[in-house]
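The following pair of complexes shares a single chain, chain A, combined with chain B in the former and chain C in the latter.
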Partner chain A sequence: MGRFAIRRLAGMVAVLFAVSVLVFLIFNVIPNADPAKQLAGRAADPQLIASITEEWGFDDPLPQQYLTMMGNIFSGEVVSYETEENVDERIVEGIPATFSLCIGAAVLWMFFGILFGYLSAVRAGGKLDRALTVVAVTGISIPVFWLAAILLNYLTYQLAIFPSGGYVGLTENPLEWANHLILPWVTLAIVYVGFYSRVLRSNMLDAMDEDYVRTARAKGLSERRVMTRHVLRNSLVPIVTLFGLDFGALLGGAILVEGIFNLNGIGQYAYESLLNLELPPIMAIVLFGAFFVVLFNTLVDIAYAYLDPRVKLGSSAQ
Partner chain B sequence: MARKPHGESAAASAGPWRLALRRLRRNRTALAFAALFVLIVVFSLAAPLWANGVADTSPNATHTLEKVEVDGETREVVNPEGRPVGPLWLGAGGKFFLGADGRLGRDEMVRLMYGGRTSLFVGIAAALITTLLGTAFGLLAGYYRGWVDATIARAMDVIWAFPVILLAIALGLSLAVGGLQIGPLHLSGGSIWIPILIIGVVYTPYVARPIRGEVLALREKEFVEAAVSQGAGPLRVMLGELLPNLLSTVIVFFAIGIANSMLLESILSFLGVGVQPPDTSWGTMIGGGFELITSAPLLTVIPGAMLLLTVLAVNVFADGLRDALDPKAKLRLEAHAGIAEPEGTPV
Partner chain C sequence: MSEALLAVQGLRVRFAGEDGDVQAVDGASFELAPGEVLAIVGESGSGKSVTAQAVMGLIPSRNATVEGSVRLRGRELLGAEESEMQKVRGAQIAMVFQDPMTSLNPVYRVGAQIVEAIQAHRPEVGRHEARVRTVELLDSVGIPDPAQRVDSYPHEFSGGMRQRAMIAMALALEPDVLIADEPTTALDVTIQAQILRLLERLNRERDLATIVITHDLGVVAEVANRVLVMNEGRIVERGELDEVFYAAKDPYTRKLLDAVLRLDQAPPLRERSTAAPLLEVTDLVKHYPVKRGLLSDRGVDRVRAVDGVSFNVEQGETLGLVGESGSGKTTLSRTVLQLLQPTSGSVRFEGREIAGLSRREMRPLRPQMQMIFQDPYASLNPRKRVGQIVGEPLRLQGRASGEELRRAVHELLERVGLAPEHYGRYPHEFSGGQRQRIGIARALALRPKLIVADEPVSALDVSIRAQILALLAELQQDFGLTYVFVAHDIGVVRHVSDRIAVMHEGRIVEQGPADEVCERPSDPYTKSLLAAVPIPDPRESRARRAGTASS
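Entry: the complex of A and B
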């Protein structure tokens, strides 16, 4: 187990390294995508570009530029191009808002996703199942940013049911914290509720055909007990996998939802940096996001290996 | 195909496709949504007819300072405060059916129809790229295993580790300004093929991984062994034996890919790093409308609702398609569900 975990962690570092190189290359090697040109904007004169190139060291060999950038990110010295503010500090400032948004939304979507999926599977083919399927597929099909914009306009601007924009710290005022986050939570959760309930439903339907379910029934267990203890429990494993990935990805910033609701989290910082064509924050945020994706991916794999002895603990085993 | 040494029973060749079609025909919900999709496609294709025949304008023609006759009353297309005229329906003979789109006073209905063309085209083309790349990589990885598999898996891991939207935005941002040069192929900054390529590539791992899993299982089957013993090379085994057995999965992935690609396109375009002017898509329209959301919310609502309907239609149809093609489907439609499957090879 220990060796397996170490191997996974080493793989994690390798993937992160590759991700950072890739982001760097995206902004540096693709022809015509000169960072100085991007910095200077769409209609820039050559002189401006030349001076920017000089100032920021875009003439240095690429590996050196990469190392400088990475060194700055990890030592906390990286600054944005335009405002020269510290990027790492901005990211740390964004953590409370982003984590509040993600954790709250995750609680919502796990609860309703599992509830809807369970009810759908138990009543498969029935009216409730069909109604929930409509809800789920609609949820999957909604453009999130559009939903966010519509909810913000009608419920906040027009009807003033919810306060407009911004993030209030949990420790400052817990009630306002929740009040400001309700719409973003719901918006973000809707898509995942659709997704998770569909996955759970199909997993449960598969599980119902398994021998252990027949055995459980033969033992004389009540239908409800069979469903919750045997079918649901075994069907939740893939949901946990999915959750690890999705949650990890979200911690990197729910760019659009944060941006539209003006939550001032990491996602919004990414959004602003993108609009201003700022490579350093984008690079740092992508690394930050990728770190969580890879971390949760690894945790899930390790948990999986722990829960399910069939998973080979090393590629060389057996 | 006829002399294919099929390991399965002869009954299976009696026409699984025909059986699937029969099942699909019985699924009224799926058919209704397929009809809706066709309707939306026809609506979009009819754009030039409406633009030339009814609205008498083009998607990018501005009418800022013009006036329209509405039931004998003269109204400004854009009032002095910069507020566009709302939906006139047929009040002006079909002109500004859905109103004007903002300060520029372009015809919203005409733009909606042309935007639909772009959105659908991007969605379908990107899904095609995803499906082709994903199937090819999945086949190679699953068939050769070993280092080929490991290399492809690692490359996919890297794409996977990115938050998809962030990766797509970074690429879009980089390419929207600079364009792209791959060998002799040059795409200028505003080309519609840039978002298509980005979306197509970004979603590839979500297809490649499940396909690889299926190939791993299939290649142990007797019919593959039979083909190999008859001297079939890797290419023939992959294309002649394995691919036909993957087809139902691939088709479903393609359908779902259209839905996902259209959604991602709208996100990129909303942020200004997807479809570039003069092209219009529903995503760019939502982005433009969002700036006026408090005064003219319909400019945001309508293109988004069209997008939602289209994606919903595709998703419901894809669902029916999956049920029809493989009633005992264990397809991992939910793209990343396959990541930690027990037979996977941890690093």
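Entry: the complex of A and C
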């Protein structure tokens, strides 16, 4: 376990380094992304631009610039070129909204994904299975922005059940917090519910043919116990993998949903920064997101060793 | 005969399939008394396993119809409520399955799976009590150190131990009837002997009525009191053990008995004058590195799959290579053919060193050495027609094309007992024996001098096995072929080999003329291997058991 952790930590640093170098290089070849011009404002004269370039070190060799940028990000001193506000502070401000959105949606999608997948598999070929298949395929196929627009139109503008957007802190007012997040949660979760239920259904159908399931029946277990303890339990392993990857990726910002519902989270910040071609926030957000992707990958591996005892942490045999 | 514990009357099982219905069991009737061991014998597709599943009520109801009557202590089980059947399964009738590798759930500890069975039927038994009972059970089936091993996962058990654990689970609730479906087929012969002895002991100690389902008449002779022979869903022969073996009435039973290759009744060795060696293997070594870490290569371990092996194969002879699973026999045969790169050592083919030759250098030699594989289902490409499969080596080596290729393939098909009209068919349209013929035709296409056959008949039913072995012998005569015959079944090997080499843990522990190795073995491992082979002859089997018991 110790060696495993050390190796994973080293791997994490390597991934973050590679990702940051890549983003940094891409930004330096994009036209119209000269940071000095952004800092100087709209009607800047060449002289001002030159002095800014000098002052901020934009004519330093690229490796030097990269190190400066990384140093600023990790010391919390990095600022936006356009507004000169502190990037790290903005990200920290966005965390409650983004995490509230992702964690709530994840609870929803895991619950309904597993429930629907389980019912589909147990009643495979029956009416319920067919109905849930339609639900799942619809969920997978609906574009997020369209679904959000429809929900907003009917439930917010016409029936006025939910607020039209924005984020209220959990500690401020828990009821309003939930009220503001219900539509974003549903919108974000629906694709995953469809996808997860289909994956679980087919995993379970495969598992039902396993010899150990026959053994479970032969020892006189009830059908429900066979299905939950033996079929479902063994089919959850790949679901956990999927969940780790999806959830980790979302924590770096759910760009579409945050934008539509105006949650002011990290995803929305990423979107704005991209529009303005602002390197510092993009670098910081990419690193922030990559950190969670790698972190959850590691957590998935640890969960794997727990879920499937044949897998040993730190061995390359599997 | 005492009162029937289990009575099966006119059992019929029909499966509805896309290609019409299949009558898997067609009117089976039999009775089972306490303390009796009934063997149900048959080849694949005979309906023996389906019969057992029907007794357990484990046939999926969706596309199957089950008719007739299954009575346990006078109580009808067919058509009983599922909740009633759950009380019967495991508690009154328990089952042990063929493959212990897959029959235990890999994610739960072995002990937990037995505890689960106990608590399913006796919810009042507490966790601790159930665990204590589980340890006792594991102890009674011969698991060493059961208090520790109760917390092991299935993958930490060997095949034999898993089957012991399965038997412990089946015994957990002291059932009246134990059904063992091919309980030793997936096990090595020495492990098989231990499991059979265990079943026998349990039957004796607990007065357990046992049904053993098997294709192996040797197993039948070792354990059964009474025998049913099934063929195509019907019971064609029934009787006491000796009756069936020595006075079989049904022609199918006699055919089955005749097809058995007995270790102690081999044909005399062929007269052969010594010829030049075709293959000389000296100090051959194949080690596999086992990497410990992902980033570091330190602490590299080796698996010594083949660990310094030397043998010769003469022109026109058959060398039998025997060993249990993990003995290195398959690795050896592949390393000899340079399909695997040897770690060190020498392989001479017709006097020429081929160890360490590059793929390109091997290419002109490949046609002279061919291979036949174990699994005729897996070793033929399902998307290619038979003509393509058999003709491919000829085409790839540029030997023939067009009409000439077609004619050559037709000849080959006829030579191995298939018809030219099979040319355009796909492998799945053939039976196992026919598929093995296709594999042989493919190996024969380039007129090789050496054929390495890796378990060529172990996936086949006994009657088909005899046909394939006869074909191989005939082809050896006609084409002057040299065989290396790799198998785990020393009975089969003795029948086809001039000389036998016994492999154990990567080494050849004994080699010599077939009858010498089989009748006067000098190595202790060979002796234990021979002693473990079940004799398909009840009298001899009893005599041997009496002998080992008294000694």
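Structure notes:
Quick note on the criterion: the second predicted complex is superposed on the first by the 278 of 318 C-alpha atoms of A that agree within 3 Å, B and C clash if a C-alpha of one lies under 4 Å from a C-alpha of the other, contacts with A are read in each partner's own complex, and residues count from 1 in each chain.
Throughout what follows, a residue touches a chain if its C-beta (ideal position, glycine included) is under 8 Å from a C-beta of that chain, and two chains touch if they have at least 3 such contacts.
All figures in this text were calculated on a predicted structure; none of them were measured in a lab.
In the superposition on chain A, A:Val300 makes contact with chain B only, not with chain C.
Look at A:Ile142: by the touch rule set out above, it reaches chain B but stays clear of chain C. Once the two complexes are laid over each other on the shared chain, residue contacts for A:Trp177 go to neither chain B nor chain C.
Set against each other, chain B and chain C touch different numbers of residues in chain A, with B touching more. Once the two complexes are overlaid on the shared chain, A:Leu245 sits against chain B while remaining clear of chain C. In the superposed pair of complexes, A:Phe261 makes contact with neither chain B nor chain C.
With both structures placed on the common chain, the touch criterion links A:Arg233 to chain C but leaves chain B unconnected. Of the two partner chains placed around the shared chain by superposition, chain B is the only one that A:Ala290 touches, whereas chain C remains out of contact.
Looking at the shared chain after the overlay, A:Arg7 reaches both chain B and chain C.
Of the two partner chains, chain B is the only one touched by A:Asn153; chain C is not. Residues 7, 10, 308, 310, 314-315 of chain A lie at the contact with chain B in one complex and at the contact with chain C in the other. Interface residues of chain C, counted against chain A in their complex, comprise 56, 58, 82-83, 86-91, 94-95, 97, 99, 102-107, 116-117, 120-121, 153, 155, 166, 169-170, 172, 290-295. On the chain B side of its complex with chain A, the touching residues are 154, 157-158, 160-167, 169-171, 173-175, 177-181, 189, 259, 263, 266-267, 270-273, 286, 290, 293-294, 297, 300-301, 304, 307-308, 311-312, 315-316, 319, 329-330, 333-334, 336-337, 339-340, 342, 344-347. Residues of chain A touching chain B in their complex: 4, 7-8, 10-11, 14-16, 18-19, 22-23, 26-27, 30-34, 37-38, 42, 137-138, 140-143, 145-147, 149-150, 152-154, 157-158, 195, 198-199, 202, 206, 238, 241-242, 245, 249-250, 252-253, 255-256, 270-271, 274-275, 277, 282, 285-286, 289-290, 293-294, 297, 300-301, 304-305, 308, 310-315.
Here chain A touches chain C in the complex through residues 3, 7, 10, 210-212, 214-223, 225, 229-230, 233-234, 307-310, 314-317, going by the rule given at the top.
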